[in-house]
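Following this line, the structures themselves.
After this come two complexes, each holding chain A, first together with chain B and then together with chain C.
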Partner chain A sequence: MKLTEDDIYRTSTQYRNWSFTPTQLALQRQKTNQQASERVKAAVARQRAQRVRQPQADTASTSESERNGSGIENGSSTPIPVGDQEVNCLTVEEEMKLVDTFCEKALDLGKFCNFPTEVTATCIQFLRRFYLFNSPMTYEGQNISRTAMFIANKAESYFLNAENYAARFGPKATAEKVLAPEYLIIQALRYNLDVRHPFRGLKGGHLELIELANGNLAALPSATETPAELQAQMLLLPRKPDGPATRMSIAELEKRITDAYGFASHILKTAALLTDAYFLYTPSHIWLSAHLLADEPLTLFYLSTKLPSSSPMAAKTLATIRSCATLLSSHRSFNSDRIPPSEKDARDKKEKEEVQVLVKKLRQCRDPDKIDLVKLNQAQKRDAVEGGGLEENKAKRRKLQREGYQKEAEDFWGPELAKGENREGK
Partner chain B sequence: MSKPAPRATGSSTKDGGASFLSNSLHSLSIQHQFPSKPARSVPADSSSDICPVCKSSRYLNPNMKFLVNPECYHKMCESCVDRIFSHGPAPCPIAGCKRTLRKAKFRSQTFEDLKVEREVDIRRRVARVMNKVEADFESLKDFNDYLESVETTTWNLILKVDVEATERRLRLWEAAQKAETNSTKRSLVEDPSLLSETSHVILKKGGTQRKQQLGSTDDPLAGSGNDPETGFVFHGLKKRVAPEPEKPYDPYEGWSIDPQYYVVQDDYSVDWLTKAKDDPVHSVGGYDMRDFYSRALSDAFSGFGVFIEDEKTLEENPGATAAVASGGQDVNMDDVF
Partner chain C sequence: MAHSPVLSPKPNPPGAGSRITTMNPKAKALAILNHANQPPAPSTATTPGDGGTDLAEQMNDEVRRKFVSGARLGEGTYAVVYSGHYRHDPSRLVAIKKIKLNPEHKDGIAPDAIREIKHLSELSHPNIIQLHAIFSTKEQNISLVLEHLPLGDLEGLWKNQSISYSGADIKSWASMLAQAVWFCHENYVLHRDIKGNNLLIAADGTLKLADFGLARSFADPGRVMTSMVITRFYRPPELLLGCLHYGGTVDVWSMGVVLAELVLREWFLPADTDSQQLLVICDVFGTPTEETWPGVTKLRNAAILGVAKRPQPLSYWRQRFTLLGEDGIDLLRSMLIMDPAKRFSARKVLEHRYWTNAPRPTKKEDLPKQGGGLAKVGEDLKRRAGETDSGRGDKVARKLDFGSMR
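This part shows the complex of A and B:
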């Protein structure tokens, strides 16, 4: 009974629950958006009806909801849309754009807190997974990403104190706010906390490439060429795709491999995280396509050592990797280093404006039921009511019950032993 | 003891084929009861109060306890046993009985009738050696035949018919059984006389008896060609199948990882690894760089041959609605509040 690498990957939750075809992904986003919009509309309509019913309490309730909302920064002070016009909900594209913005913010957050790359990467994947089944209209990005980062730290075994963590975000953030949506997120992630990243895979590939370049990589059982032959071929690889063959020394080749590794790793840390790559491709394909973008001839050569071009899988694998590479290179972070700064600034500015508009729009269409997550979290707990106190009759009943239990126990076990006084008396 | 057959297969096997012999044996035992009775059992009331050896009576010593030795089943009081046998084996003090008795074997009797006591002892002994069950035989008839011969053996011993030969067969059988169960330790009966020593219950006294015994134990050695003598041969007895030796525990239950696309080497000469490799902080903790290599390579190629688009489409098609519905279900979970 043998397991191949692919069988191992098929057992992972990332494959079973969090891998989709592009169609499935689009359908799911459509569905989430539709559900969230309906919910927002229903909630707003309900609030309006309530307000009509009790016009005298109107002003009070509005101000209260504003007060609640103002505790949460970044577009959560939600003035409930006045007037009878339909709520203008976000479209799927707008939602995606917002989620991408949240993810970029999370990347900054990770940098700000000096968290390891894999923690940030896990956090971003958590966010993407969360917002695949939940809409930004329902749950607001900032709080969710802070909590997702907190969970990601735990999932990657970097344990933090919630208070210390919250203290980094200024005086308004509290541990309670960080912890409030924790269960909500975990639940939306379907308790799948393992994210398979391509980072270590890239390292493994790098190890093999270096060994190949030195001509002493252990050959696969199916290999037809000796390591020395492979090394000779490798030294003749062209610099550019379809370029002329060049002769390199081993040191040059090693430098080339290391450069490719650096660039691929950069892509994995930015573009791969900020696109849907994790949903659409396996980590193995992701790192190979990042490597392909970094150094195409080298990657193609490496692939040919793994899959002879005659095998039916070779063409298919290459097509998959190329499509993944297209996806990665389509992200604007991919070539931000190469384009002139003025153009880049202009693009960033435009992007920023677009996001600003979206955030403004989001404010108009937040789900009023889900604004205060802290309160929601409390409400879910046993007997939690506003003000922290129990209702009077409930508290009384509890007390009576407790006394009843105590009496029962005393009848059975005898009364509690007197402490202290007896011993002193003796 | 014979078990009735669930259905009659013929006139001879009506009740497992054991009826005639067991009936005759039973009648034989009844016949023998009377002549053997006066030899040992004196009327119970008088003898239970007076020790036949020292003639002291319970009347004078209310704590008096009578003991018997399963060698000859002669009764005597505790103080006599202490007196006579404290210094080692001695002949039985009852007139006419010359058996050598040992103190350790004396015990208080369980049954009032010493004949019953003796029969129970013999039955126990035989049952310990001949302990096959029905499942060990191919058919019910074979099992009943076996029970028949067990019963014959038992009655031979009880009625003292052919005792020597029966004892010998029993010993051989016991040795054979032992050899079979500990087949890993001892493949064959190397020295049956040595083995049979353990199962000696009746201590031989006379030199003639000893000689006889030696002669009898010589037989299996002489007679054993390729097949050692087992004392009994039962038709239809299944060969004992030794249980398989336990295999070493395998936590993966036979599964192993068989990478297709890579071969892990013991070492990789890469610059950025040298620091970690030489760092005692890692090696002291038991960290093996090979773990890292195999994990990195496994990560590099896990999912290399998995084409999500194809596989998920395939997965979706048989139960397209189910897949979507299950996704939707989870989303609605957050509606609890």
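This part shows the complex of A and C:
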């Protein structure tokens, strides 16, 4: 009895729920954008209406200063355009650019916290999956990214202390803020916490190449060539596609293989994460594409040992890998080490400016209902404790209720905190 | 101050709308945070169709609506279990495991829940409990909709003196267990809590591996894993010795202990503490040495191995495990090799001649069954990983105490 890698991959949630054709992906993003835009417009309209009604209701019982105070806390510190003009919502492309930015920031966050590669990689896929069904207009990137990173740690079996984790982000960040969107995110991930990465595949391919180079391995039991013949072919592999045959020593070949591994690994940690690669291709496609970009002749040789060119699957597989390679190489990070620094700086500057414009625009079209995730979450949690049927003994329930009330009181009477949170929320 | 209903995402009680206008302006301000509860503002254009919920929420609600939750079957520290069924087909029963929200847990969704959700979502095999769906309620309780497995568990079976079973029956159960474990390992998942009462029995007699609350993916080489897993009686010697790098063979050891218990109809390796557990193992298998298990003396807790003991002779096995026959005894001992590097992998277990030699394993529908019933379903599913109800107070799978040895 043997399961092939394909059999296993096809049962994964990544394949079943998170693999798309480019068209499906575009349609889903369109749908998400449209729904979020409608919601923002409706919410803003409601707030405007509220603001018109509010003074009349309040004048009888409250003083001018109290009213101003409430004005700050009810989210009107979020600049909502006054007047009747339509809210200018983000387009799908703008949303995608922002999500890409969140993902790049998450990469930095992972480096900053020294998290293992797979944790950061999982976090970024969580973000991409989350924002397939949610718009940055509804949920802002910073809080979501921090929480997604927290969940990614758990999903990869690193169980962090929320308080210590939050403490890394300075005094304004709290465990509560980290935890508040946890359910929101997990629900948007459809409770799929397993992300299949290409890292182990790349490592495995690397080890096989080294063995092939040393004449120790026939890649397939059915191979017609002996390990020595494969080794001999390998030592002649041209450096460039269609280049002249080389005559490498085994040591040179090993170095070449290791260099290719290093470069491919870099692509997997950057471009592969920051594009739609995971949505469109399988982990094997992705690592082979990265390897193809790193050393095409070597990769084609490796493929030929697995899949003879006579096989009807060979052409199809190679076409898929090439199209994935095109996607990976189209990402900014791909050639950032090889273009002149001045050109790179100019490009980065332009990119930064574009993002800043978007961030500014985002401020004008955020869904005012979803800015304070901590309070939304508290409200839901309190319901769970009181109505969710925790039939512990009465004393415990009272204690929880008391804590709930205290928390609530703090929210009401702690204006500095609330203001801080609002500001953070932007 | 009084509990403010406007902060609640639950629908407001009748009259809530009018209460809002009489409320403290700050409370009103907060109420805006959740417009789903708001009486629709007169001038507001409502978004048609979405009811103000996220796409993800809508998908979640769709899943939730597929199931009807029924009687409460049981409650444990970690979860409450309800009986339930598909809404469109009441004859399709399920068990709904509602993971308790613990407001005192400071780090959000608990590890048990994360592990179970992550791994069960990926594993689909006839001998692994099926996860039909996951949904959460508005109150953020995550519910796992699991396969309905009404006929108790393997531990209950060997404890039930009114049931008798044969070597062929044992082979049948053991084979279903071995396939489940093999499948987990093929999918790079370590179960880390295999024991009789995590092996549940379906109405048709199929054995199903359940409770993935301690499971994890295989670690990359070099990465440290905790040795504080697997319920003590079933914990392999390398974990008791404090090994932080291990593989699928930890589950194979547990599988061996389960098989032995099934034959003996009593605990095979009972012990009251972790250090005693190791000595109990050595009583049967002998004290490991550098010759029998290279590297063993360098493990963290090697000091507790103490005086060298000799392993039990073959006659001990033949006497106690007659029911398994020579092939079965050979397999059992291969699953219980002290050195994890020599111990059989799940795949090698399946390749053993025991399965193909006589007697044939009993067909699952002909296996002896016990009553079980709904209450038992609840019992089985609500346990926290690492607990048994052996009455020995060994609910401490994650607390190793070697201090008492000194």
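By our rule, the second predicted complex is superposed on the first by the 355 of 426 C-alpha atoms of A that agree within 3 Å, B and C clash if a C-alpha of one lies under 4 Å from a C-alpha of the other, contacts with A are read in each partner's own complex, and residues count from 1 in each chain.
As a working rule, contacts are C-beta pairs under 8 Å (C-beta built on N, C-alpha and C of every residue); 3 or more make two chains touch, one makes a residue touch a chain.
All values reported here derive from a predicted model rather than from experimental measurement.
Applying the stated contact rule after C-alpha superposition, one finds that A:T21 touches chain B and leaves chain C untouched.
With both structures placed on the common chain, the touch criterion links A:R200 to chain B and to chain C.
Of the two partner chains placed around the shared chain by superposition, chain B is the only one that A:Y281 touches, whereas chain C remains out of contact. Once the two structures are overlaid, the count of chain A residues touched is higher for C than for its counterpart among chain B and chain C.
Looking at the shared chain after the overlay, A:N134 reaches both chain B and chain C.
With both structures placed on the common chain, the touch criterion links A:Q187 to chain B and to chain C. Touch criterion met: A:D6 reaches chain B, while chain C stays clear of it.
In the superposition on chain A, A:K31 makes contact with both chain B and chain C.
In the superposition on chain A, A:E208 makes contact with chain B only, not with chain C. Of the two partner chains, chain C is the only one touched by A:K375; chain B is not.
Common to the chain B and chain C interfaces on chain A are residues 1, 3, 8, 31-32, 35, 133-134, 184, 187-188, 190, 200, 376, 379-380.
By the touch criterion given at the top, residues 1, 3, 8, 11-13, 31-32, 35, 38-39, 41-43, 45-50, 53-54, 57-58, 62, 66-67, 69-71, 73-75, 116, 118, 133-134, 138, 150-151, 154-157, 159-163, 175, 178-179, 182-184, 186-188, 190-194, 200, 368-369, 371-372, 375-391, 400, 403-405, 408-409, 411-412 of chain A touch chain C in their complex. Of all residues in chain C, those touching chain A in their complex are 1, 3-4, 7-10, 21, 24-30, 32-35, 38, 41-47, 50, 52, 54-57, 59-60, 75, 80, 100-101, 103, 106-109, 111, 114-115, 117-119, 121-124, 134, 136-142, 182, 186-187, 216-217, 219-220, 223, 225, 350. Interface of chain A with chain B (complex): residues 1-6, 8-10, 15, 19-22, 24, 27-28, 31-32, 35, 133-134, 184, 187-188, 190, 196, 198, 200-208, 210-211, 214, 217-221, 280-285, 287-288, 306, 313, 316-317, 320, 376, 379-380. Interface of chain B with chain A (complex): residues 254-265, 268-270, 273, 293, 295-309, 312-313, 316, 324, 327-328, 330-331, 333-334, 336-337.
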